[in-house]
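Once you scroll down, you'll see the structures, which are given as structure tokens.
Below are two complexes that have chain A in common, paired first with chain B and then with chain C.
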Partner chain A sequence: MDAVFGIAGKEWALIVTDTAVNRSIFSLVHDEDKITEINQYKILGCAGEQQDRYAFTNYIKRNLELQEMRTGCELGVEATAQYMRSELAKALRSGPYQVNVMIAGYDLHEQRAKLYWMDYLGTLQQVNKGAQGYASYFVSSILDNHFRADMTLDQGLSACKQCIKELRTRFTINQHSFQVKIVTRDGTKVMKDFE
Partner chain B sequence: MVAMAGKNCVAIATDTRLGADLLTVDGNFQRVFKVNDKTIMGISGLGTDVQTFNSLMKFKTNLYSLNEGRQIKAGTFSKLVSTTLYEKRWGPYFVSPLVAGLDKVGEGEYQPVICNYDSIGYREHSGNFEVAGTGAELLYGCCEAFYKDDMGPEELFEVISNCLLSALDRDSLSGWGAYVYILTPEELTVRALKTRQD
Partner chain C sequence: LKMSSKYDKKTTTFDPNGRLLQVEYAIEHINQDGSVVGILAKDGIVLAAEKKEVSKLFVPTRESGKLYKIDDHIFASLSGVVMDGNYMIDMARVQCQRHLYAYHEPIYVEELVKHLCNQMHYYTQVGGSRPFGVGFMFAGYDKQRGFQLYNSDPSGNYAAWRAQATGKGCVTAISQLKDDYKQDCTLDEALVLAAQVLGKSMDSATPSADKFEIGVIKKNEAGEVVQRRIEGEELQKILTTAKVFESKGK
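On to the complex of A and B.
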């Protein structure tokens, strides 16, 4: 039921999620942060059960911090995504994390932004735009139409606004608030209560 | 996905769709991987296991090179794939790998190795062509009709591309781009095919 989607340009990447936690017919929480900031230049948007989300994101974030302390090097975005994939794949046949994620980051070595789509099985794919869960049925075609290789951040945000409008119009589940996190070479910017 | 043998050359052709049931996630998913200069492997099946299996084979071939001091031969690699799959007999990887390679049998003479596997490692090696994936049944007919022995690299490219494209257009779960990998003793060439984007 969670909406997680994202777009990446050359110098920026963003992830949008809804901020509700629902349990059966109730909407329990309206300001849940589903996008974890792994560090200043990498963010992880998660869709799935609250406990799996919490366990997975914290496990990844703290292990990456530990590795950075041990080696003194920060991993690039691709390496981080591959690490997350290997953790999901390892857990798959014993006790899978039921989280579908979008990973966005600004790679300081390559000097460009990257976005990855990963499902709970551990299928990892670098994409320019993507969505997880039911949201993908509504926003995929809007993102396909609006996306250009040389998009600016403002164009990206307006495409997201269109996506949110579509979700509000056509999605059965009422998701009234969304959050955006943007990653650029200057770090992460948060926009709560977006639209 | 289809693998075919020619004279001193082999080829694998694949589509590049990544899908979740009927929804297309991306049109640029890599399924064919270079093992070494004489072997390529294409893996069809569950996306996560494609990536896991590739990493696992890379790990095993790296260890092999360190132990043996040389690159693994195509025929040996094809058997290694089989045993690796059988290791997970009671909890298999949901993949159908295709191995295509060239084994040196003399000066300038190479024996092509074309193998297909089921998910638990039965190795099928007819020697001509093998097919895998959701469009496997569709590929059989085309390949049987167009295949002939001792094709050169250019002719092999034409034949394998036509077979793949015919099957691609019929199979609803395949498409969104295609790549053809031609392996000769000198080089590995990758060509993209223009396909219907649906």
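On to the complex of A and C.
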């Protein structure tokens, strides 16, 4: 039921999520942060059960921090995504994390932004735009129509606003509020209550 | 060299002067092995090792020398107990692939060195096992720090170097490196210097080409990291330029 989607330009990448935690017929919380900042230049947007989201993102974040302390340097975006994938794959046949994620980051070595789509089975694919869950039925076509290879950040944000409008209009689940996190070479920027 | 003492029977004992004698004896083993010289150039690294005398009846196998490939971007020289060394090399190779599997990119050189050294160190603290009697010189490349040269010993200590030498002739070799090594030398210059230094620190007065085992790591025109052995005519040329065959005057 969580909405997680994202777009990547050349110098920027962003992930949008809704900020509600729902349980049966109730909407319990409206300010849940479903996008973990792994470090200054990488973010992980997670859809799934609260416990799995929390366990997976924390596990990844702390292990990557340990790795950074051991080696003295941050991993690139691809390596980070591959690492996450290998952890999902490892857990798959014992105690799977039921999380579907979008990974966004700015790679300092390659000097460009990247976005990845990953499902709970460990399917990992680099993409320009993507969405997880029910949201994908509504926003995929909008992202397809708006996306250009040389898109600016403002154009990306306006495409996301269209996506949210579509979800509000057509999705039966009322998603109260959204937030967006943007990564560029200057780090991560958060925009709460985005619409 | 001191003979046995009360405090050298186990790895897990300090002596009254605060020394770990078993570890020191293991390090001494490395100092008795053939010389190895490593030089960091601005565009690559040379490892030059002295090959042991072997009988005519010996059949060299694929890895019966002193230089071992650990991954596409790292190779190392092995000094000391070869069986211990083979075990560690295998461990290093597994760790490199494990890292490749998880991160889809080559392991950082220092990370690999640290991993191996942690293992070696473990065996200096555990009672009932002796230390690994091996010293490595690692030559590798990663995108974070570029070309790097590391030396490790049985205590589990390691350090990065611009130029280093171990083994029987290391004292002569190191003092010559201090004089003649130039930072930002090219790989070709480093090859000649390594051959010179190794030649001078060898036992025999007139070394021959088959006593030298030389490997390099560098980037090719496509920017890929490649490693190879220097052999045959190319080796002869370098040894001649380094004046290795002229007999050592006193």
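Methods note: the second predicted complex is superposed on the first by the 195 of 195 C-alpha atoms of A that agree within 3 Å, B and C clash if a C-alpha of one lies under 4 Å from a C-alpha of the other, contacts with A are read in each partner's own complex, and residues count from 1 in each chain.
One rule holds in what follows: a residue touches a chain if its C-beta (ideal position, glycine included) is under 8 Å from a C-beta of that chain, and two chains touch if they have at least 3 such contacts.
Because the structure is a prediction, the values reported are computed rather than measured.
S.K.: Putting chain B and chain C on the same copy of chain A, do they fit or clash?
M.R.: Overlaying the two complexes on chain A (C-alpha atoms) leaves chain C and chain B fitting together cleanly.
S.K.: Is A:R93 in contact with chain B, with chain C, with both, or with neither (first, second, both, neither)?
M.R.: A:R93: touches chain B, not chain C.
S.K.: Just checking: does A:Q175 make contact with chain B only, chain C only, both, or neither of them? Give me first, second, both or neither.
M.R.: Neither partner.
S.K.: Put simply, what angle do chain B and chain C open at chain A, by C-alpha centres, to the nearest 10°?
M.R.: 60
S.K.: If you stack the two complexes on chain A, which partner ends up touching A:T36: first (chain B), second (chain C), both, or neither?
M.R.: neither
S.K.: Just to be sure I read the superposition right, which of the two partners does A:Q125 touch: chain B = first, chain C = second, or both, or neither?
M.R.: Touch partner of A:Q125: chain B, not chain C.
S.K.: After the superposition on A, what does A:Y137 contact: first (chain B), second (chain C), both or neither?
M.R.: first
S.K.: In the superposed arrangement, which partner chain does A:H109 touch: chain B (first), chain C (second), both, or neither?
M.R.: second
S.K.: Once the two complexes are aligned on chain A, which partner has more residues of chain A within touching range, chain B or chain C?
M.R.: Greater contact footprint in residues on chain A: B.
S.K.: Between chain B and chain C, whom does A:R70 touch in the aligned arrangement: first, second, both, or neither?
M.R.: second
S.K.: On the combined arrangement from the superposition, state the nearest Cα-Cα distance between chain B and chain C in Å.
M.R.: Nearest C-alpha atoms of the two chains are 6 Å apart.
S.K.: Using the superposition described at the top, list the residues of chain A that contact chain B and also contact chain C.
M.R.: Dual-contact residues (chain A): 86.
S.K.: Which part of chain A faces chain B closely enough to touch in the complex?
M.R.: Per the touch definition, chain A meets chain B at residues 85-86, 88-89, 92-93, 117, 119, 121-125, 127, 130, 136-137, 140.
S.K.: In their complex, what parts of chain B are in touch with chain A?
M.R.: Contact set of chain B toward chain A: 18, 20, 23, 25-26, 28-29, 46-48, 50-52, 55, 91.
S.K.: Over in the complex, which chain C residues touch chain A? Could you list them?
M.R.: Residue list for chain C touching chain A: 101-105, 108, 110-111, 114, 143-144.
S.K.: If we count contacts the way the header does, which residues on chain A are in touch with chain C in the complex?
M.R.: Listed in rising order, the residues of chain A that touch chain C are 70-73, 75-76, 78-80, 82-83, 86, 109.
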